[in-house]
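Below, chain A partners chain B and then partners chain C, in two separate complexes.
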Partner chain A sequence: MTFDLAFMLSTLPAFGRAVLTTFKVGLLAIGLSLLVALMANVLLSFKRRALDMLVRAYVELARNTPLLIQLFFIYFALPSVGVQVSGFTSAIVAMTFLGGAYLTEVLRAGIEAVPVQQLEAGRAIGLSGGQLLRYVILPQAGLLSLPAVFANVIFLLKETTVVSAVAVPELLYTTKNYIALYYKTYEMLAVLTGLCLVLFLPLSLVLGLLERRLQRGHLGF
Partner chain B sequence: MSDVIELRGFSKHFGAHPVLNGIDLAVRQGEVVVILGPSGCGKSTLLRCLNGLEQGSAGELRFNGERLDARSDWRAVRQQVGMVFQSYQLFGHLRVLDNILLGPLRVQKRAPQEAQAQALALLERVGLADKALAWPRELSGGQQQRIAIVRALCMNPKVMLFDEVTAALDPEMVKEVLEVILDLAEAGMTLLIVTHEMAFARAVADRIVFMDGGRIAEQSPPEAFFSNPQTARAQQFLERFSYVENLPRRKAS
Partner chain C sequence: MATSGFELLWQTAPQLATGAGRTLAISACGIALATVLGLAYGIGRTLGIAWLDRSLRVYLAAWRAIPVLVWLYLFFFGLPMFLGLSVPAFACVVCVLGLWGASEVGEVVRGALRSLPAGQRDAALAIGLGRLQAYAWVLLPLARKRMTPGVINVYTRIIKTSSLAVLIGVVDVTKIAQQIIERTYASVTLYSFLFVFFFLACYPLSVLSRRLEQRWSH
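So, the complex of A and B:
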């Protein structure tokens, strides 16, 4: 087995664009997932049975079906009912659907970990339900959920590889493309693995650092 | 003087378990009432009913003559009835000053400069002017509890409720917190205090309310209560407290 180093280097510009696409898809999906999780938990805060069941149903549907199937459903099945979406849009929607469900659960766990006495202290100074959520519960729940949120951020970034299946030119799609065209299988998989490590490992470390810094400042861990 | 708080036949039960049973109590403006009684007698629940953290099951509760029930505007009432808890409950994600200003700014929508000036003046009054920008976790229990008192005071309440506020503190810190409460009493604020500090109760109270089994067993001026309790249950209760103080030295082995 020989490693064609010159070939590997020649593909780097294309991989540079792929990295950008991966981050674009990943970060957009993560941002939207956080928004979905926040909205789902606001719905839960009303403590209405119907709303609880709605959120529950969404979370279970999203968590118990494979991302690839969700993606195919949006990309291939929706056009048959007249909804045409691009690969990029399908990718964002599918990943938000999945990520939103995971982060909903993460944030819910954080909210439930806020001591009930803190809520009473908030009510005792006259805060309304919404104010309590905004000024007491969510800031504390957010800090408590940080480790799990960051774990899911990394998870979603890696999971972007799945969207290669709908022709979004991110890391895996680019890799498979080169393999199909030039049969440089080992070289391309090596580049992919190397890039993933180079990109995600430092990110992991930075997020871990950030987590400790934020939590130490506020909660005194 | 008019009654600020008035309870008539007030009862509260958790499921089938009665916690408060036909409470009749009137608290005058500027009065300092100390509620004593054994664990589980309903003292804390009584305080929590006064600012709506719990709702009564039967009977009447009036605040400034206005009848209150589950449908009342408790947010408005809570701005006038401050409460301090045994475990302080400062908001850990906010600095001291932001803890104090959360209510004045968000609930009362007051001007930031005016509210902040009052917050700083109150911090000065409890001897913690230098802690405005500290995090709660950096403070001792006694300091946190004094901040919690300031947080309640900064809403300009008419009544303050103290629920065993020194029970979690070292003796040295108990002193600094009790001094703050004593200071409020001398300034003429209406106070309802649940405590196990008997000497403090005697020193601060205009009236002692002794509760047992969800009822008010006895209420009298502090001197009368401590020197000559009327009910057998109160006598027994006071004896328990003097038991430790009068414990004889054990024989050396």
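So, the complex of A and C:
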């Protein structure tokens, strides 16, 4: 077994683009997921049974089915009813569908964890509903759910590897492509593993740090 | 030729059942492996043996940093090259699910064991139990309620992740559905079926996990 270092170096530009694509897909999906989660929690805040059930149904459906199936449904099944979507768009939509549900739960838990006295105190000093949300609930809920949000960000970034299945040229797709073209399996797997470690290991270490920091309680209550 | 979606599903039920069986078998084997190894991990990290703790932390970091699908490719393409043995795709998926699941189950077990008051361990040792006996008869039974909901949650993730098997060529429920689509073009019907199949496999477990958590948190 020989290790073709020159070949590995020659693939670096392509892997550079792959890393960018991974982050593009991942960050776009995360941003949209946060938006979905915020909207879902606004719906929940109305405390209407129908809205609650709608959000619940969405969260349960998204969380109890695999990303791969959601992705395939959008990419392969929707065209047959006249909705043509590119691999990239399917990837973003599927990951937002999944990530939105996870973050909805995270945010809801954060909001519920804000002590009720905080709300009462806010109301007592005459804050309106919007002000209460802006100055009392969201800052505390945001801080409380920070580790969980961050954990989901990492989770979604790693899930981008799944979208290689619909030909989005991210890390794994690029690896598979090179293996198929040049049979340099060994070298390409090494590059893939190395890049995963470089990209995701620091992130999970930061997550661990964040969790410990917040556990010690810098929240002031 | 089937006229409606349900008729098509009915006609292809035997094939779909075979595929579903394969997917569930992969999940079940992965879950069994993950449970056994996860318990070992959780115990290993609470024994207070420095080198063991450090090795298991590296193990956890590796499974957390590298996505499961990448592990699947590493096992499927990498093992034949490193060890010179060809591992069937089915066994690859079970191994990866089991080893990855072990790190996730293990973290839940560790958390539950760590949350027990230190006095329990001291008391168990004081009445003459060995260290492993203390786990078997005192610590794990005490931690059982705290870890069960979390562990069940990991099980649903293992079932969902088992869908990745199709990407390394296992003829699972997804592959069978895709083969039927190639003949009939009924992609909406069959992908809806897959949605429902995985939902029915995971949702009851999710509900169970939540119920147990609510019941036991008081």
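The rule we apply is simple: the second predicted complex is superposed on the first by the 203 of 221 C-alpha atoms of A that agree within 3 Å, B and C clash if a C-alpha of one lies under 4 Å from a C-alpha of the other, contacts with A are read in each partner's own complex, and residues count from 1 in each chain.
In this text, contacts are C-beta pairs under 8 Å (C-beta built on N, C-alpha and C of every residue); 3 or more make two chains touch, one makes a residue touch a chain.
Quick caveat, the model's predicted, so the values are computed rather than measured.
With chain A as the common reference for superposition, the partners chain B and chain C occupy compatible, non-clashing space.
Counting the residues of chain A that each partner touches, chain B and chain C differ, and the larger count belongs to C. Once chain A of one complex is fitted onto chain A of the other, the partner contacts of A:196 are limited to chain C, with no touch recorded for chain B. Touch criterion met: A:80 reaches chain C, while chain B stays clear of it.
In the overlay built on the shared chain, the residue A:123 is in contact with chain B alone; chain C does not reach it. In the superposition on chain A, A:186 contacts chain C only, with no contact to chain B.
Judged by the touch definition given at the top, the superposed model places A:13 against neither chain B nor chain C. Taking all C-alpha atoms of chain B against all those of chain C in the superposed arrangement, the shortest distance found is 23 Å. Chain A has no residue lying at the interface with chain B in one structure and with chain C in the other.
Across the complex, chain A meets chain B through its residues 117-118, 120-128, 131, 135-136, 139-140, 143, 217-220. Interface residues of chain A, counted against chain C in their complex, comprise 1, 60-61, 63-70, 72-73, 76-77, 79-81, 158-159, 161-162, 164-165, 172, 175-176, 179, 185-186, 189, 192-193, 196-197, 200-201, 204-205. Looking at the complex, you find that chain C touches chain A at residues 61, 64-67, 69-70, 73-74, 77-78, 81, 156, 160-161, 163-164, 166-167, 174, 181, 185, 187-188, 190-192, 194-195, 198-199, 202-203, 206.
Within the complex, the chain B residues that touch chain A are 51-53, 75-76, 78-79, 82-83, 85, 87, 89-94, 102-103, 106-108, 135, 137-138, 148, 151-152, 155.
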